[in-house]
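Order of writing sets the chain letters: A, B, C and D. Residues in each chain are counted from 1.
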């Protein structure tokens, strides 16, 4: 069965999630991956979107982190101060998702600026929830396509901490979470080396060579000793994912239904 | 009771004129949901300037206010067009000082939430485990730390946010001006309780507030003005009333990418309209469809 | 889903046996409303001892537990019989070490609230403007202070409360064990979120939780056990189900004033009864009316 | 019209409250006074009970600070952390009520112990909300009967701060509130001396002499230069108060209605 790289990424991310875990979900691929997991092997996955929706079970993928769909299908909703203090900071989140414009070999991320902070060549949206997701989630999954422009030797700005300079510097800062345990790219999966914590290629996408994979990184990517190849998406995984995306696209295409008549009252 | 009711209900132009002044620290809060667009656009119409804008997620409303020159300073934690990409007017202000320079007071979401909570609680600073191993505090001297007197560990601190005025949009209010918000309520309660003045636009005036999902209520005696403003959150949404206009969010990318097209749009749909209702009628008249969807 | 449902719903004796151990730090919270009396009395029946009890307002339930020798230590902020007077068993323990000495960790309400909030937030301490000019901190070395890095002023600190187990009573829960409390909810949410384990007794098992006044929801995945226990808050109350038994609160003054009459009552209505239902039936059988009203 | 000392106290307390003020109410006489004010000259008085009920308009007086009546007649309810942080500490309360077992000449209060803290002769309930009400309410009203056992030269324990040692020591501690601006006893009303802040007799109850009043204090009570006499309760005040108390007593006497049948389910 044919599948795209993006589909393989989504499936690979979904497979990282274990049933019953509590996930702090981001928009886009993480949201697709979490809902794919929930609709396949992890029906009791608990999804928390940053907007405070707890135990959300959306039938379509949201376009924003605070879509009405997320509120309407949530077990309940809490305020932003509460979701960050009582859920994330309190250590009640097992898995957090992160993405960024740049990542370095220790999984540190930049989503703030390209260039100088005060006068950037490109101003990016900023850190948002990332610094504390990176610190407090039991583990984080980073989702980013591999290219030398994004997988860089040195970040322009560190928006959120991965393993810092490696070798347990992270634990020394007293962070509860175990950091970026898995990085899902469009060529394969990286995991930290047990001792140095430098990210190394742990598994390749089917049909990708390690040379092709390494070309996506601006630093000399190390290969794990037991370098593996991921199983291709199953027919069931693809069917569920495509159905979810079809459903979502159809819903998002529906014409807006703004009750303009209320302006006349 | 009738006097009180008369006093707090007023028109949007009056509320903005009376309670928002040039140079003020202003928070228009709402996390994706219930963003007070109509109020922000009225501030643009009134030409308010030199504002210190505060919002966790600047969103399109601050893109518009910044692009129209209302802002001197921005406290924020994530400045993108959700699910779409950049806020081009925000970027242009930071990257090229257009229309003029913008000071940044940048935080993480958790830091902003702690700062609002501290403001609402009458504390001078908010406490969090945050910013560990990040570069933000090197560029924002307002992010400090304090030592735990019990464990000796260092925790991050942010100064309390205390806006001169917080502006919210809500589903409903009663005659006295008690306001009810439900659904995703972000940091709105904290932003309101932290503020010196509070103005709320609402979808509906109701006889009685009824329990709702994740409802928060703000008492009339912390609120300075309540404005009836149906669809006042568009293109954001009001749960139970209308959905988020995702198509407009997508479309904004093209409108705002270019200074000319941005200024043209603002002139036609904000400055040339008397109010939010006129803007919506003009936008959704047949001729304008291509601009918006 | 059925497995999950089966796992968290259990009997009160089983829940208390599995999740509350001798020596634990235990919070039975509920501010006047929804006090988990049935659970506390089951702990007495099971002879639990050496507990560090935590509650803002010890109320009759801790008077009973302290008088029956369950407690080693008490963290609290107001130890009276609300609207009536003293908690005689608490007084006897402090004044005369009966049945044995009780260590006190005494705070103000605001201090306890800040300590629970810190525990729920994963912070090592809670921050407040409090205890100014009071003697409490001279007798409780856990009340400390910290300096604001921005203003230089000193603020009070309390160490975070993190009970080994928090026990609540609530109006309802669904099959999965999602719990809903409404009405006056005190510090229950914070006490639950701060705890390592959470046990909840409920009036009703419902198919679906519906919005209610000041509703808070606790998700099933922070809860270890849910127990169906109608009237489990008596003589406290459950809004929407039954009212506070003010007559019993008045009557308790006479029952508890004297060690003999206290022990007699506890023997007859708690130890000699298999459960809370049997206690209530015995109390409200014709013969016992004079003891209770 | 005849009236009791307790009725005069309640009426005197009610008269201290101005329409539209936000009051942090305690149980007992303060609750009666606030509701009397609400039912007479201050219909828009906002009552907050410590249990988190905001804008409560009880039809009967509660027996406890958290009675269902308070919840059912509230505009809304907040949690205890919120009522203490967002309302009291944030300075949003205009008036707080306090009572105690002992008061000294500067309005400092003891509701903790008689005797030594570690081994008291009488253990009292403790401070509860008092330390922060005393610090943060715009002003406090103390309600206590005068007797040398309670109006003492020196407290056994300071549970909450009045004017401390006077002479603006209070302001030096950075407290937002202006402290015990009025003390309502069963012989008259005390107010702080403008300079020393020592409490002095400002007004007598009708029919009480200053000598009788002073006998209730273990310290030599000073008299204000413009010592006044309070107006006796009006017929309207008494009628409203008595009706409220009658209504409350009748409601409290109603037999309990415990749904014992639910034990059989």
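As a convention for this text, a contact is a pair of C-beta atoms (placed from the backbone, for glycine too) under 8 Å apart; a residue touches a chain by one contact, two chains touch by 3 or more.
Please read all numbers here as calculations on a predicted model, not as lab measurements.
Colleague: For chain B and chain D, what is the smallest step count along a path of chains that touch one another?
Modeller: Minimum number of steps from chain B to chain D: 1.
Colleague: A-B versus A-C: which has more C-beta pairs touching?
Modeller: The comparison resolves to A-B.
Colleague: Taking each chain's centre as the mean position of its Cα atoms, how many Å separate chain B from chain C?
Modeller: One centre to the other, that is 40 Å.
Colleague: Counting only Cα atoms for the centres, state how far chain A is from chain B in Å.
Modeller: Roughly 27 Å, centre to centre.
Colleague: Averaged over CA atoms, how far is the centre of chain A from the centre of chain D? Could you give it in whole Å?
Modeller: 55
Colleague: Do you know which chain D residues sit against two or more other chains?
Modeller: Within chain D, residues 76, 85, 89, 136, 176 contact more than one other chain.
Colleague: Of all residues in chain C, which are in touch with two or more distinct other chains?
Modeller: 122-123, 128-129, 153, 213
Colleague: Name the touching chain pairs, would you?
Modeller: A-B, A-C, B-C, B-D, C-D
Colleague: Would you mind writing out the residues of chain B in touch with chain D in their complex?
Modeller: 1, 4, 120-123, 178, 193, 209, 217, 219, 221-222
Colleague: Across the complex, what residues on chain D touch chain C?
Modeller: Where chain D meets chain C, its residues are 27-28, 50-53, 62-68, 70-72, 76-81, 84-85, 88-89, 108, 112, 117-132, 134-136, 157-161, 164, 169-170, 173-176, 252, 255-260, 262-263, 265.
Colleague: Quick one: which bits of chain C touch chain B in the complex? Just the residue numbers, please.
Modeller: Interface residues on chain C, with respect to chain B: 122-125, 127-129, 144-151, 153, 155, 157, 159, 211-213, 215.
Colleague: Inside the complex, what are the residues of chain A that reach chain C?
Modeller: Spelled out, the residues of chain A in touch with chain C are 20, 22, 43-44, 46, 54-55, 75-76, 85-86, 89-92, 136, 176.
Colleague: Can you tell me which positions in chain C touch chain D when the two form their complex?
Modeller: Going through chain C, the ones touching chain D are 31-33, 56-57, 76-80, 82-83, 86-87, 90-91, 94-95, 106, 108-111, 113-114, 116-117, 128-136, 139, 153, 183-187, 189-190, 203, 213-214, 216, 230-231, 234, 237, 239, 241-247, 249, 277, 280-281, 284, 293.
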